[in-house]
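What follows is a pair of complexes built around chain A, which joins chain B in one and chain C in the other.
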Partner chain A sequence: MKRNLAYLGERALLVLISIVVLFPIAWMFLTAFKQPRDAYSLSLIFEPTLQNFITVFSDPWNLGSMVMNSVIVATVTVAIAVPCAALAAYSFSRFRVKGRKFLFFLILSTQFIPAVVIVLPFFLMFRQLGMLDTRLALIIVNLAIVTPFVIWMIKGFIDAIPTDSEEAAMIDGASRLRVIKDIVLPMAAPGIMTSSIFCFILTWNEFLFALILSRRDAVTLPVGLVSFRTERGDLWELMSAAGVMITVPIFIMALFIQKHFTRGMTAGAVK
Partner chain B sequence: MQDRLLPYWLLVPAFIIVLATTIYPLAYSFITSFRAWDMTESRSPQGFVGFDNYIYAASESAFLNSLWVTFIFVIASVTLTVVLAMALALLLRRKGPMHTFTRIILILPFAMSPALIGVSYRFMFNPEFGVLAKGLGAIFPSLQGVPWLADPDLAMGILVLTDVWHWTPYMTFMCLGGLASIPKETEEAARIDGASNLRIVFGIILPQMRGVILVMAVLKTIFALKMFDQVVTLTGGGPGTSTETLAYFIFNVGFRWFDMGYASALAWILTAIMMFISTWYVRMLLSERKMATA
Partner chain C sequence: MAEVRLVDIEKRYGNFLAVPKQSLTIHDGEFLVLLGPSGCGKTTTMRMIAGLEDITSGDIMIKGERVNDKPPKDRDIAMVFQNYGLYPHMTVRQNIEYPLKLRGMPKADRKDRVRETAEKVELDALLERRPSELSGGQRQRVALARAIVRTPSIFLMDEPLSNLDAKLRVTMRAELKHLHHELGVTTVYVTHDQMEAMTLASRVAVMREGKIVQLDTPKKIYAEPADLFVAGFIGSPSMNLIDGAVKGGVFRADGVEVSVDLADRDGVVLGIRPEELDITQDAKAAISGKLYALELTGESTLVTLRNGPSSVCARGHADFEADINSPCHLAPKDGARIHLFDRATGERLG
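And now, the complex of A and B:
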């Protein structure tokens, strides 16, 4: 009897947690499909419409160009950061480089520099070079945040790979670069994939840099949200539609790496 | 010969990125922090003023207010996140379909853009048509018509809530990882001896999780010190200046009032605080590791 009660209590708790987690997300999705008049009521029964999505993708909001900016900035950032970080992570993991502790410490510490400190000089520099409001500017500053993090994360994954097969291949006369390419990379692939997606999510959701460095041409999705605050008030149904566009691709990716996520986190943080 | 230098070559690309994107801006803003530079007056930096910017900060009430706001925010958000994450992890480490489902959906809040979280909580707490404002009013009549985001304390509370909602999942994953690495034997032995659940958690599990909890607390502190996105999209620093965190204040000084010298000095004060905490953090990690291998 007592055990049954505890069992039920645990179930109820899990349901409650799921509601707390899902409710804000579900509400946003519902609102995105509501007509303006329904968006301001709390009813769950309404005539669903796609009008909000059509509106946000047309003039004057032009969400399409923001989606484009977000995709390009995040993809290029990942494409530059991950390969560089993977090489560095391998070096940190396998070699006893002179001053290794100091270098690793240096990299770790940069992760803790507040973004607002980094963006200030870059704002001044980009203004001088006429690079404000360009995607390139956003990519450069995003690398600052993402690279140290990815080095840290991939190092955790490489640390977990046993060195036996690498040593065996080296004894057989394979060069170190060959070993990295043929043995380490395939084995670390799930970890590198997880880190890449993680890095993509970070860049995709990045707000402060884009808010400061973009005006019109390079605006990314999170900053685009702010433009739905107009003199007429906040246009919630349009914000929600934009929110759905920000969220869906990221949710798919996140669910894809969910399994590796727990491992990656602990590897990066505890080891 | 080539192999001997390889470890260094592998580090070069990453270090070029890190040097160019973090060390250079740090040095630049450090120098700027000792100059006067009102960008509305001059396109290039004005004269050096020594420690004036720092001295000014020490007496400016708006800055001191943002320090206090950040302090309150950090304490509330770190405590709540760590405690909730630990409790969730203890609940979710068991097997079962509902446990698995909850673990899977937990990644969603973490993947959501913080700016968007701010927007959606602002919507839900709107006193006229916000679903949470209305819902809470219906359940607790005393909460009817509460102007949530217009009240300084409640606005801070909601700001903390958005951050806890965003970060608890990530921290829960860390806890789950930590729990998985604890050997099961002691716990099982205690269970056979008839120890209660409460005693097992507080007497056996939590002491072994000390390292993970410390790491989480410090990591969360560092993230909370940077709090910016939701301040912009949820409260706009208000009502008044009641939710103006340090990062938001620096942003205002630099990009609304264009006082670059002062903004740089403030940015360096924040950096110093974070450097202090992160140095301590890395030290702790290294010593924990030594303990683990010993």
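And now, the complex of A and C:
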């Protein structure tokens, strides 16, 4: 009886937490398919429409260019950050260099600085360089944000790989770089995949720097959402449609990551 | 084929001296076993030969050439690791093929060589499997195949049998011995198992605290251990070591009186192997005490008797039976080797 009550209480709590977490998302998905007049209604019965998605991709909103900016910024950031971070992580994991721990702490410590503190220096720097409102500026900033995090993450995966296989490859005739390419990277692949997806999600959702450093040409999806706050008020149905466009790729990645994250965590644990 | 020379090599980790300065020559085609307890520096010594560990001072010469600064890949060695060091994402075929691929051998030749090698270690039916789908013994054979596939100048084997069960270990031991006979490649083998050392080695280097304390053939090491440590380490069951003193040409301890050729002195340890003692009914026998334990091993019975602090083991007939705590007497066999050591220094006496 006592156990049943505890079980019921536990379930009720889980349902409550799920409602709190999922309600805004469900509301966003529903609103994206509502007509403007239904946007403020909580009713589940309404006449669905795809007009909001058509509107956000047309003038003056042009979500298409923002999607393109977000895809380019996130993809290029991942493409640069992950290989560099993998090499750095390997070095931190394998080479016993003096000051290694301090250097690693230094890299991680960049994550402790609140973004809002450094956004102004970044703004001034890019203005000086004439790089404001460019994708390159956003890529550089995002690289600075995600690379330390990815180094730390991949290092954990590489630490878990036993060194025997690497040493065997070196004796078999491989150079250090060949060992990394043929042995370490395939063995750390699930971890690197997980880190890449995390890196993509972080960049995809980055808001503050994109807001300050972009104006028209390099605006990304999260910043684009702000433009739906107009003189006519907040256009919730359009904001929701854009929100769905931002969220769906991340949802798909989250589904993918679930499988890879568990594989990544156990990949190096077994000899 | 190659001769390996370690000249005054030393290894330090900060202030810790792992391998003190020493020299060693491993002859061409020899099977040299580095034997010692855990942490005695044998694996470190092997890793220095492999180039996986830098040496603090000294020189390593392979085929007369100084290789201190050469990376492992340029030393023409192959190594079998304790945990096999297989490539888990590759199939057995790819594992065996990898050293050949790195050396740029054409694909067709590689295929033939892999097949020949796999047949040699009876892996030909498992070539498309991954290491995770193999048993311990099969994995060990993959590691071996990967080492022999390109016939290197030197084989290094770091406790390759330690992860196998007892039965498989005996089988693999014979295979290794046969393989060495067939290929004749200079081999350095690290183990803490004295049985492996005795059965496989041309010469054994017994190590203690980083230092080689005796380097000789297994027969010689067994018959004439250089010191108390080697005497206690080699042999199963190990040599009986009895604390006592010599007076008037007789070694005396509780229940032990053995004639020896040594001047009077205290602090002497007498050593005699269990198989060189006979169980006798003679109450005046050299060693007397009460029967402490009987252990049947199949082909013989190990008889342990005690008298005070002295405990002596003898290898008796498999049918031997007696009551525990009954009086028991042992006598050295004719021609038995009696070893005498200094208790304080461990050095051999006489």
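Keep in mind that, in the parts below, the second predicted complex is superposed on the first by the 256 of 271 C-alpha atoms of A that agree within 3 Å, B and C clash if a C-alpha of one lies under 4 Å from a C-alpha of the other, contacts with A are read in each partner's own complex, and residues count from 1 in each chain.
Just so we're on the same page, contacts are C-beta pairs under 8 Å (C-beta built on N, C-alpha and C of every residue); 3 or more make two chains touch, one makes a residue touch a chain.
These numbers come from a predicted model, not from an experiment.
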Joint occupancy of chain A by chain B and chain C, clash or fit: fit
Contacts of A:V141 with chain B and chain C, given as first, second, both or neither: first
Which of chain B and chain C A:A168 touches, first, second, both or neither: second
Which superposed partner A:G99 touches (first chain B, second chain C, both, neither): neither
Contacts of A:I250 with chain B and chain C, given as first, second, both or neither: first
Which superposed partner A:L124 touches (first chain B, second chain C, both, neither): first
Chain B versus chain C as contact partner of A:L42, first or second or both or neither: first
Which of chain B and chain C A:G233 touches, first, second, both or neither: neither
A:I183 touches, of chain B and chain C: first, second, both or neither? second
Closest approach of chain C to chain B (Cα atoms, Å): 7
Touching both chain B and chain C, residues of chain A: 175, 270-271
Of all residues in chain C, those that touch chain A in their complex: 50-52, 71-73, 77-79, 81-89, 98-99, 102-103, 132, 143, 146, 156
Residues of chain B that touch chain A when the two form their complex: 3, 6-8, 10-11, 13-15, 17-18, 21-26, 28-29, 32, 88, 91, 98-99, 101-117, 119-124, 128-129, 131, 134-135, 165, 169-170, 173-174, 176-178, 180-181, 211-212, 215-216, 219, 222, 225-226, 228-229, 232-233, 247, 250-251, 254-255, 260, 263-264, 267-268, 270-271, 274-275, 277-279, 281-282, 288-289
Parts of chain A lying in touch with chain B, wherever the complex brings them together: 10-11, 13-15, 17-18, 20-22, 24-25, 27-28, 31, 39-42, 80-81, 83-85, 87-88, 90-92, 94-95, 97, 103, 105-125, 140-141, 143-144, 147-148, 151, 175-177, 201, 204-205, 207-208, 211-212, 221-223, 225-226, 234, 236, 239-240, 243, 246-247, 250-251, 253-255, 258, 261-263, 265-267, 269-271
For the chain A and chain C complex, residues of the former touching the latter: 162, 164-165, 167-175, 178, 182-183, 186-187, 189, 270-271
